[in-house]
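In this document, chain identifiers A, B, C and D correspond to the written order of the chains, with residue numbering beginning at 1 in each.
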Amino acid sequence: MNKVVANAEEAIKDIQSGATLMLGGFGLCGIPENCINALVKKGVDSLTCISNNAGVDDFGIGLLLQQKQVKKMVASYVGENAEFERQLLSGELEVELIPQGTLATRCMAAGYGMPAVYLLAGVGTEVAEGKETRNFNGKDYLLEYAFDSDFAIVKAWKGDTQGNLVFKETARNFNPMMAMAGKITIAEVEELVPAGELDPNQVHTPGIYVHRIFQGTNYEKRIEQRTTRKRS
Amino acid sequence: MNKVVANAEEAIKDIQSGATLMLGGFGLCGIPENCINALVKKGVDSLTCISNNAGVDDFGIGLLLQQKQVKKMVASYVGENAEFERQLLSGELEVELIPQGTLATRCMAAGYGMPAVYLLAGVGTEVAEGKETRNFNGKDYLLEYAFDSDFAIVKAWKGDTQGNLVFKETARNFNPMMAMAGKITIAEVEELVPAGELDPNQVHTPGIYVHRIFQGTNYEKRIEQRTTRKRS
Amino acid sequence: MALNKEQIAHRIARELQDGFYVNLGIGIPTLVANYIPQGVKVVLQSENGLLGMGPFPFEGEENPDLINAGKQTITTVPGSVFFDSAMSFGMIRAGKVDLTVLGAMEVADNGDIANWKIPGKMVKGMGGAMDLVAAAKNIIVAMQHTNPKGESKLLPKCSLPLTGVKCVRKIVSDLGVFDITPDGFRCIEYAPGVTIDEIKAKTAGRLTIADDVKEMVFNA
Amino acid sequence: MALNKEQIAHRIARELQDGFYVNLGIGIPTLVANYIPQGVKVVLQSENGLLGMGPFPFEGEENPDLINAGKQTITTVPGSVFFDSAMSFGMIRAGKVDLTVLGAMEVADNGDIANWKIPGKMVKGMGGAMDLVAAAKNIIVAMQHTNPKGESKLLPKCSLPLTGVKCVRKIVSDLGVFDITPDGFRCIEYAPGVTIDEIKAKTAGRLTIADDVKEMVFNA
């Protein structure tokens, strides 16, 4: 049982062009920086990326977009990226927009072995078009299917050699559900510790969901909206 | 926003006869001992209890059974209780047996606002009788509904004044899902601390799900199967 | 005189009750946090995975791992808790959030809301808005009563693609406060100096005026 | 000579592969943990909410908050992790557990299993058995080949209420090892001293004998 790999290059080495990837993070917070950089370097293309956002032009998934490695983006909000907009308007890029909670829950459904769940978001809107609607207790719900993803790539704060993961603050976001949902799950962590060092009461993602893990390097952790207040 | 109550009596004071209650715990591990004792003392009856097990004769839900306070038991396994068996065979007690994972997931569904989910357990067995079956990707699943419960009563290790809960080891079990699923959720904890003392990264149940909290007393924590090995 | 953004936020803050869990959207709704009445304690939810959001950090103390749903750097308050996005929307869907405040491009007199998409413009996505409006039990919209061309944004029917149907309970616009009722918008307060006639002229949807309609008062 | 319980467990342990996540049921399956082959590391799951179950505690070190799915006091190993029961069955349902070993009252030659209910007797419940058999991708049954009356428990069709359908992959009984195939039970090993004729006589369901069938060897 050796889940530890040397680095991002080794972790992603069997990701081929055309693969479907889940990528953790919300905005630029908690994104798998090392693996994204390795995917850019490897140059695979025609990727389908499931991620809440699409990064900015020169960071996160934006780096994959710049190299035209993404065929389809499945996201809830993609507003921060000029190259994304260009490719979308030119028809080079396919986009499927999904309500944020539905996106999260479709990942969770996959991790919990539930093929489909009934959710409220989008009832009566164009999101409901083509979807099965069903009424429970007087309310309409949409049938939403679990995602099917070849790989899930997540970023955690700490991890151990068995693949157990702990996330930090709001960098948790989509990472735990995606970690549960990948056929192969790759985790990059800021700090990799030996099995037994994490408090077993306080692990967010049990290692059973994680197939490969490595300690990442040079995290930039770029801030998207730096908002502050003055000391009074 | 004052969620803290003095004790179990105050926490359960509006639970009336005929109520539906979820009670956390697996076996005798992680059960809300104080609230069960208070329910016995209060003497409410005709209760519907949703709990994985039914305690033993003189501990846990068994105490409610002895006083004939339970009308219906919804559980996955009830094998440890002679009075239970007597009431069941005499027709005094109604029992609905549900696969353990389905029980857990029907609680979770309630907490996540999902009216129903598709689950595998029981397909092709008598558990499937009368249930809707649907095929996804070549596999049959049963449509299982979220539980609807007036109260959820859970036991945690630590809690804070805002209702945030942390569970210990396998005493976690059903408690977090039930905490999410009650219309009113009551939490008894071994240690109640001021808001801000728990690590916000390491809370299992966010306080938004918890309506009343108190520090319990005199936990017996009875062991059901004491198994040991000899020092070699 | 029509309310400014701060005043809209100030008025909405009066809807907060002690113990409320509140989700504040981007823009004017965010400002509501600055006007929480004394003696009222609320917990702010950020749908990316936080209960107990605090103010922006002091300069130099920004934490890239701690942002709100608007991707802004924030802080936490004592008793805060982090969770994943599935649980976050789970608690919204299960009705655990007491109040949601968000902006809108259009609201219809039956409570329909449109705030995510303008045909012909680049569509950036709905983010969490559809989840919030579909599930929150109490939705207040903070908005300008008219668009820059002076056209009403309180309509008989939304012209833009919907975000959610029959979900808005109350609107606080620059002109007044409006409940959504079976009879359409009901004006219950008007901004200081704004006339009922002006409100009638600028409201395209069905409108009634409450018998006890009154002028808003700002003491602060 | 037919295998004893320890030998059944010993034989099943040979199915373990390095890195497997394994759920061991109550009874004989629990004993499998004592025979994990050298060089093979597995992680034991207990469906009440634990990965990384260790042996029973030393006397005096029992912890009431730390039990397995059989409600027995246990310990953990380094790297263990606790979680709630919904996640526990979620990982089972999602196929993350590599191997499930459990007991059975009856198995049919199509892989159906019955192990939870005997009509006329007090029904104690299925616990997690139905979830496990419905979802596990690899199920091995540990069982006696016949009941105390000498009747076969490997049947053409289960007579007892089912726990799951077409789910068992392999049986290790006191008489041998049997794969479930489209042609029914296939004997691939027989217990030392047990004859094929005895196996045939005691198996009521469809049975084939593998060409390379061999006698089990226990070195330990």
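Heads up, the rule we're going with is that contacts are C-beta pairs under 8 Å (C-beta built on N, C-alpha and C of every residue); 3 or more make two chains touch, one makes a residue touch a chain.
Just so it is clear, the structure is predicted and the values come from calculations on it, not from any experiment.
Enquirer: Would you pick out the chains that touch subunit A and also touch subunit C?
Expert: Expected: B.
Enquirer: Name the chain whose C-alpha centroid is farthest from the C-alpha centroid of subunit B.
Expert: C
Enquirer: Return the chain pair with more inter-chain C-beta contacts, choosing between B-C and B-D.
Expert: B-D
Enquirer: Quick check: how many Å separate the C-alpha centres of subunit A and subunit B?
Expert: 33
Enquirer: Suppose each chain is reduced to the average of its Cα coordinates; what separation in Å results between subunit B and subunit C?
Expert: Distance between chain centres, rounded to whole Å: 37 Å.
Enquirer: So the centre of each chain is just the mean of its C-alpha atoms; given that, what is the distance between subunit B and subunit D in Å?
Expert: Roughly 29 Å separates the two chain centres.
Enquirer: Round to the nearest whole Å and give the separation of the Cα centres of subunit C and subunit D.
Expert: Whole-Å distance between the two chain centres: 56.
Enquirer: Residues of subunit A that contact two or more other chains, please.
Expert: Subunit A, residues with two or more chain partners: 105, 112-114, 119-120, 167-169, 172, 200-201.
Enquirer: At which residue positions does subunit C touch at least two other chains?
Expert: 82-83, 86, 90, 92-93, 135
Enquirer: So what shape is it, when you link every pair of chains that touch: line, ring, star, complete or other?
Expert: Topology of touching chains reads as other, fitting no named class.
Enquirer: Can you identify all of the chain pairs that touch?
Expert: All touching pairs, sorted by chain label, are A-B, A-C, A-D, B-C, B-D.
Enquirer: Would you tell me which residues of subunit B are touching subunit C in their complex?
Expert: Interface residues on the subunit B side: 1-2, 110-114, 160-162, 164, 180, 194-196, 198, 200-201, 203, 206-209.
Enquirer: Where on subunit C is subunit A touching in the complex?
Expert: Against subunit A, subunit C makes touches at 46-50, 55-68, 70-74, 82-86, 88-90, 92-93, 112, 122-131, 134-135, 161-166.
Enquirer: Under the stated contact criterion, what part of subunit C meets subunit B in this complex?
Expert: 18-19, 21, 41-43, 45, 51-52, 76, 78-83, 86-87, 90-97, 135
Enquirer: Within the complex, which stretch of subunit B touches subunit D?
Expert: Within the complex, subunit B contacts subunit D at residues 26-30, 52, 75-79, 85, 88-89, 97, 99-105, 107-108, 119-127, 157, 167-177, 204, 221-231.
Enquirer: Enumerate the contact residues on subunit B facing subunit A in the complex.
Expert: That would be residues 105, 112-120, 136-137, 139, 141, 145, 166-169, 172, 199-202 of subunit B.
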